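You will see two complexes here that share chain A, one where it goes with chain B and one where it goes with chain C.
The block that comes next holds the complex of A and B.
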């Protein structure tokens, strides 16, 4: 699929650029429109959650790594931000940067060790890592992290004349911008040679090795990119909520990103958004009725898996594509067709 | 330095914890070895065993009876899950069974919460007697736990090496297609293995219940340790599971005598070290590629 700028004809490249951005912009304008009808915390939760899920989605759908340990990297980002805002500075932007860098550091440290493993060991080791970070934050480092009480720094977040992250309304705009940037990045990765290599390492590692790429390097890079994205979501959670507690990395939260990934449609570009909307919506609705969320989420997961593991977007996209190409007769088949296969 | 009394009780404590880890993770290992699935729902049967032990010991007054009930119900639950869910997914890849079984685990925890509430409950220790070993008083119950784990290991060994079903299971671990070609009903073999695994997990829960508080999240709490045990020992190896369960038990127990907070972290460090040297664990087979 063609990326803008390749063609010499400016008109064609304009169309290509439009086609490239069109799905992302449409998805996020829908989310922005949801702001008008849905309460603000819900929309912000959806945005951060979909960024959180994006890393897991990339690992599972593209590289074939199932990671139940995403909370570990979420916590790395959240605690990086929290330590900065609680002990050192007040600027939330710097805080988020610190969070992302600490997520990058953690995944770069454990990555070389983890990506060598078989996929089954990989999943177990990641979940063990999440459990260990939970203990670390709750018990071992309780002097710094204040244990289960968590770090509260909402009042320390400095205001900013341009985009004040302390105010939910302006945080929403910021989250939106970040999310569009993340989606653009992942769309770019999907279209790039690196994205193709990731898919190849999932489907046939021997062939990829034969062509001359290193499976290890492709996996390591994908691992670091995905988990840094997860850390970004953690940093945003920290700034948005104004507090961080060990609860964020507890093993009970481990299935969340996997559930959302599969609910939305594994490996599709818009799956995480669709999944996050569906998941957060159901969570709000169901915890009001029965107040026992795990009961539902567990069996939902089993049901989706047995029903064919395609997820909402995964089964919707081909139909949308069909509908769309029928209407426009294949001129700019952007919407569903742009989704990753 | 440590005095001898502390050391003896520490070692006994570690052995009993290791026994429980062994019983808890042998199911994971057996299921992986034969069916090539990762059955995280073993931790649910562990919780079921513990809860039944609590409920029956309160109702009937006997903890031993409770454990028996726990083991039985855990076995039945695993039979139901195998019939309803796992039967359909044996053919699928490994990650598939992992996600599905995690869903069962989380859903099961929800069911337990629904019926029993979230309050942690204490279970009475069946025997408060102490016995002197090397001048130290050691609770008899912990010795019983160690003894039961030893019996189970011996029983599994005899079952796998001396009975025809056990031999078929061992052959299946080597090559399922060949066993099927011999005319052995592999599907029934899978069911038997899965129920044995679930029963042993239930036994682990029942034995662990008097030593800790029974609560809905208990399966998730030991999850990190269960994983570390199977990874250190190598998935699919019973001997490896036994060895690594006792290693982890001793590290947790003796480590907490030296510096308590680090005791929880030490097994993780050991796991990383072993993975660095041998990515398939101590006794793991390199049979299965990604």
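The block that comes next holds the complex of A and C.
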């Protein structure tokens, strides 16, 4: 964001932009390369999980809202897509669009009420919403959601000559493209006045109002953007699996995106990708050799959090930047600098 | 220019506070406080700690809701408006604590002010505070108290506010910075009315055109002529 005459010159800005794109292309190239050595379902899950986490990461790292209700918005996206593909149509792209719009609608309905709350109440009310949606999908609306049996629509997904989302290999390419686009969106938001407003409302909400901004509007917009991203992840899960059940919004899965956000590095742009790789990788690797893998992962996460509260990328980034002299001398660093890496 | 801002012309008071009563819960802090600010005036509120000076500014800025009384800017009532709406009308508040957005750089702090006010004339701001020019890429958390004060006042000046409410601007600052601030405030008053809450009586008496002395939440004196605005006179009311 450079709006003044006293800003960095265009050359430096271009170099910075190239550096960012180089970084993200490298990260996603590594994910693409992982396909050669890791099972495709694992890589696809990492990609969708990283999209799921990006919204949570923005809320927590930028706005200061911790949400234990992300499965609610994930379910809004997943069920929106599932209802379309099960009852109305066969085009997976339209299904994903319906899922995203469902998430947008749910966020826009509950957002005006939720964003007025303090962060601790915000966390709990979102958890309650996840519980409500779980119960709705499992019991109250069982007639149309098929309850615990879920909605199965894999065979109804129509093929497409460009990218056939019914085929895992082509879905993988689609997921990569979406993930890069979502990452670019958050990079843009981070660098915009809106991103600065979000960080400012986290740091000192009163002062933001004294400058002339409405905290409420800033928070509401951030909430809607973040949860619509979460719904997009839900819609992608639905198309990929061809199946949705109430399990997707189960409250016991509620801490997952928060854990992945903190594990990766709260407020960092690469954190969601790194966190998703680490978390999904640990789950996948450990569950193959240990029966009670949840217990083991719990202890491992406690250890990782205690060892470095900045998360994996938050701890690694300063070392990498030092190593490659990425950072321009005299800029940034120190407290909260990770929010922009 | 928004209609609200044009309402306060040279013929109107930029701020007119009448019969203001404010409480924190059951504890009443301001009692029937009145205050008047005209264009290009520097109005100072003096008083001991707890006299209600900061509460008065916070209430005008929309941060606190008054129990009763009126706050007007030109023909517009400020009572009931949100603090960001009052800021957009051109009545900017600079709080006492000198806490800027610590994770944002000086540039980003100014950009926030610019975007909200649609005023990108940073040359004017760095004209008042040349040091800010060298600190553009430094994060707010790494600025000294004086630099933070410059940034906060500079950011508030974006949008050319009609009134600036500044809470204890000299508190904790070195004498050289205070004297620079004094000159800046004097220059600013050519375009912007200033309401200062300040305990530094020499500073107040050097620049103020009107002084209100507050004691235990009440205005006990209004000094409106330069002859009577002297530290020894002000001190009598503290």
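Keep this in mind: the second predicted complex is superposed on the first by the 294 of 341 C-alpha atoms of A that agree within 3 Å, B and C clash if a C-alpha of one lies under 4 Å from a C-alpha of the other, contacts with A are read in each partner's own complex, and residues count from 1 in each chain.
Note that in this section contacts are C-beta pairs under 8 Å (C-beta built on N, C-alpha and C of every residue); 3 or more make two chains touch, one makes a residue touch a chain.
Note that this is a predicted model, so its numbers are computed, not measured.
Enquirer: First (chain B), second (chain C), both or neither: which does A:74 touch?
Expert: The answer is neither, since A:74 touches no partner chain.
Enquirer: Between chain B and chain C, whom does A:214 touch in the aligned arrangement: first, second, both, or neither?
Expert: After superposing on A, A:214 lies in contact with chain C but is clear of chain B.
Enquirer: When the two structures are overlaid on chain A, which partner does A:127 contact: first (chain B), second (chain C), both, or neither?
Expert: Once the two structures are laid over each other on A, A:127 reaches chain B alone.
Enquirer: Between chain B (first) and chain C (second), which, if any, makes contact with A:193: first, second, both or neither?
Expert: second
Enquirer: Give one of first, second, both or neither to describe whether A:118 is in contact with chain B, with chain C, with both, or with none.
Expert: Once the two structures are laid over each other on A, A:118 reaches chain B alone.
Enquirer: When both complexes are superposed, which of chain B and chain C contacts more residues belonging to chain A?
Expert: B
Enquirer: Which holds for A:203: it touches chain B only (first), chain C only (second), both, or neither?
Expert: So A:203 only meets chain C here.
Enquirer: Residues of chain A that sit at the chain B interface in one complex and at the chain C interface in the other, please.
Expert: Shared contact residues on chain A: none.
Enquirer: Which bits of chain A are touching chain C when the two form their complex?
Expert: For this pair, the touching residues of chain A are 1-7, 193, 196-197, 199-200, 203-204, 206-215, 330-337, 339.
Enquirer: What does chain C use to touch chain A in their complex?
Expert: Touching chain A from chain C are residues 61-63, 82-84, 87-88, 92-95, 99-105, 107-108, 110-117, 120, 122-123, 126, 133, 136-139, 141-142, 155-156, 159.
Enquirer: Mind listing the chain A positions that touch chain B in their complex?
Expert: Residues in contact with chain B: 60, 64, 66, 68, 113, 116-121, 123-125, 127-132, 134-136, 139-140, 205, 251-252, 254-255, 258-259, 262, 292-302, 305-306, 309.
Enquirer: Considering the complex alone, what residue numbers of chain B touch chain A?
Expert: Listed in rising order, the residues of chain B that touch chain A are 32, 38, 85, 88-89, 94-96, 98-100, 102-111, 113-114, 217, 220-221, 223-224, 227-228, 230-231, 235, 261-262, 264-265, 268, 271-272, 275-276, 279-281, 288-290.
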